[in-house]
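Below, chain A partners chain B and then partners chain C, in two separate complexes.
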Partner chain A sequence: MIEIRGVSFSYGKTGVFRDFSLSIPEGQVCLVTGINGVGKSTLLRLMAGVLRPDKGKIRYDPKLGADPRRKIGFVSDALSLYESLTIAEAIGFHKSVYGLSSFDDSLIQHTKIGCRQKVRELSIGQRTIFHLNLILSLEPAVLLVDEIIHSIDAYLRKVFLEQIVQLLSKRRLTVVMVNVNFHDIEHLIERVILLKSGEIAVDENIEDLKSKVKKIVARNRPDSLNVLSQIDYSEHSEFFVYPFDNRLRGTIEGDIFDLNLTEIVSAFIGGEYA
Partner chain B sequence: MGKLEEPRQIRIDAKSAVPAYEQIKRAIKLAILSGRWENGKQLMTLREMALKLMVNPNTIIKVYGQLENEGFIYSRPGAGYYVKLDPAKFSKGSPELFREVTEDYISKALQLGYSAEQILREVAALTNIGIPSARRKDHGNDRD
Partner chain C sequence: MLRKEIRDALKRFVESMVVLAVIPFMYIGDKLVIKVGLDYASLIDTGFFLTLVIFSIYAGATIFQPERKDRAFEYLFSLPLTRRKIILAKILPRFGLLLILGLAATIVVGRSLLADAGITILVLFFSSLFLSIGVFSTAINIFGVILMYLIFFQGGRTFVYLLSRLGGSFAGHFGPLVSQLVSAAVLLVPFGMAFWLTFKKMDARPLKLQMRTYYFITLPVLFVIVSLITLSFRSSQAWLLSR
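After this line comes the complex of A and B, so read on.
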């Protein structure tokens, strides 16, 4: 469990969060999304303990012990510490810092990383996998995944996601992902949190979200519904609506379509750019 | 006896508002009822199935749990899940599954933009059953 209570945070004069609260129960897989610059990564950094809130508190499950940061794995592009070391040296260093007696490197075996390669010679994707491997050796209870997985190729992305599914099937693991691209994680996610101007604009479990966001193709704007965004064509328009209620089905003029997660988030975000 | 191989028939439609667990459950039921998945065969483990479909393992736990409750599969502690086909259960044509298949069809047709009336007409035409009010509009489709 991670509980963020009344947190305020700003970078100098630029406020990001004001009196922000969010609670993520143990074992949940959450997606945090929203437009660029809304504070997704800042939120993750606050949860990871990399940034400290100006005000408010972030509490973790007592099970995580006195130093919860050790049980929180933060997958980001920050791997600068080991730049000049080889993979083997970095693993040795990691083991000594954390007092590990063994190191399971099966994850990097999936990639073409050699143990004599220097960390700085790795591609972004390889670095991410290597970083994940280091993090997993600490058996985290919470995994925070920043947008970094966008910059890795399709194969390594699959390796990465399969690893997460493996972990989820073995033990309880809380996962918070920051993402704007969902086709392959759509069915891993249990809850979607959409940020807007430093606040939570949407917080729904995936099933509810899918039943509440619809595309209506019609000539006229549906008066009874809240339209998030619309796309106009010569003869008709596509209206993205939320919240939709199934009981309205008979009363709506036009055709109603279900959406996948990418389309749903685009509908929300599209409204913000309009 | 080998495990059931890849659940090739299971495709999750990300666009559907039918929850993923429900879609997987239906696909497995159909595989069992149609005889493709034979009685006594072992299903993939929770982890294998989650990896194959790239879904949250909790989803598969829910699917297997519900299928077990409904008597389509059974589990042997520590040894996995197996297909259980009880012919008596399905001799009456499994109204429950029929209902699900029907709902599935209707929701897909509605998604394609067809109205309830058009769906009724189509079913009537395909099954040769007359629906008086609908038949009149069906030009050149008089089958009597």
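After this line comes the complex of A and C, so read on.
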């Protein structure tokens, strides 16, 4: 469980969060999304403990121990590591800091990463896989993954996601992901949080969200519904609406379509930019 | 963590030892070409002293260099390590190597360089260490250390003068040592406090956004010390010349 209570945070004079609260129960898989610069990565960094709130508290499940970072696996978009170390040295360093007796390198075995290679010599994709392998070796109770997994190729992404699924089936792993490629993780996600101007604009269970966001293809704008964004064509327009009420189904002109998670998130984000 | 820092400190140590490696070449060069008549023993003496000075500054100034160069502050702060553990793991190997170098110099040179210049070496090490968090380039850090040393040096002279006015045992044999210690403490304690308070609260935000406490403590302290030295400069100089 991660409990964020009344957190305010700023980068100098640029405020990101003001009196922000959020609770993520143990074992939940969340997707945090929103437009660029809205504070998604900052939120993840706050949860990982690498940023400290100016005000407010972040509490973790007491089961995580005195220093929850021991059980938090965090992969940031910056992929911060000691670049001058070799892979073997970086693994040794990681093991000594976390007090690990062994290191499961099954993820990097799928790559062409060599032990004597320096971290700085790795490509972004290799670095991401290496970083993911480091944090998975901790057997984390909380996994925080920024949008960086876009940089790994389809095969390695599949391998990584299989590992996540394995972990999820073994124990109650809490996962918070930011803007990851939705189509291959849609089946994992239970909750979607959309940030807007440093606040939570949408916080829904994925099934509820899918029932509430619809695409209506019609000539005229459905005035009775809240339109997030629209795409105009010569003959008709596509209206993305939220929240959609099933009771209105008969009264609406045009065809109503269900959306997948990628389309839902695009509709919200498209609305922000409109 | 400690193992990695020992490796890093050793790297700086080896880099600083270049000065010692140059000595035999200087001696041979003098014998063959320049013929100034350089004395090998005094060259070794100077070499060790310079190595101590260079290593003390370099070791302190580069304490966060791996994190800066590799942009690894975020990784460092994500590790389950307290700030105290991090800072001890960084300082102890460097300080240990400084002592080893000092002892090696004592054995080779035949007199204790640390006894002669111990306070100066410590001031240089801790000045560069405490400046390293608030100064974003090693070159500016070294320039800052030189300024700090000048303040420490002149501060020592000012305190000798002030202690002499107090009279008693302070003005006697231990006067210069006590005044050096007071000067070092007056300069380093506030800088050390500023360093620790800043590092304790530090996170992965850009460093420039986290220096308020550091500058809030150090700048007024510098202003007061420099003002005191300036105000008493004439009278302390006149007193020193009269002795």
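Observations on the structure shown:
Simple rule for what comes next: the second predicted complex is superposed on the first by the 267 of 274 C-alpha atoms of A that agree within 3 Å, B and C clash if a C-alpha of one lies under 4 Å from a C-alpha of the other, contacts with A are read in each partner's own complex, and residues count from 1 in each chain.
Quick note on the criterion: a contact is a pair of C-beta atoms (placed from the backbone, for glycine too) under 8 Å apart; a residue touches a chain by one contact, two chains touch by 3 or more.
None of these values were measured; they are calculated from a predicted model.
With both structures placed on the common chain, the touch criterion links A:Ser197 to neither chain B nor chain C. When the shared chain is aligned, no partner comes close enough to touch A:Gln109: not chain B, not chain C. By the touch criterion defined above, A:Val165 reaches chain B but does not reach chain C. Shared-chain residue A:Ile189: touches chain B; no touch with chain C.
Within the superposed three-chain model, A:Phe257 lies in touch with chain B and out of touch with chain C [touch as defined at top]. Of the two partner chains, neither chain B nor chain C is touched by A:Ser21.
In the superposed model, A:Ser151 lies in contact with neither chain B nor chain C.
Shared-chain residue A:Val29: touches chain B; no touch with chain C.
Of all the residues in chain A, the ones that touch chain C in their complex are 11-12, 45, 48-52, 67, 69-70, 72, 74, 76, 78, 80-85, 89, 92-93, 96-98, 119-120. Residues of chain C touching chain A in their complex: 1, 3-4, 66, 69-75, 77-82, 201, 203-206, 209.
For chain B in complex with chain A, the residues that touch the partner chain are 12, 14-17, 19-20, 46-47, 50-51, 53-59, 110-111, 113.
Taken in their complex, chain A has these residues touching chain B: 29, 161-162, 165-166, 168-170, 183-184, 186-190, 207, 210-211, 217, 255-261, 263.
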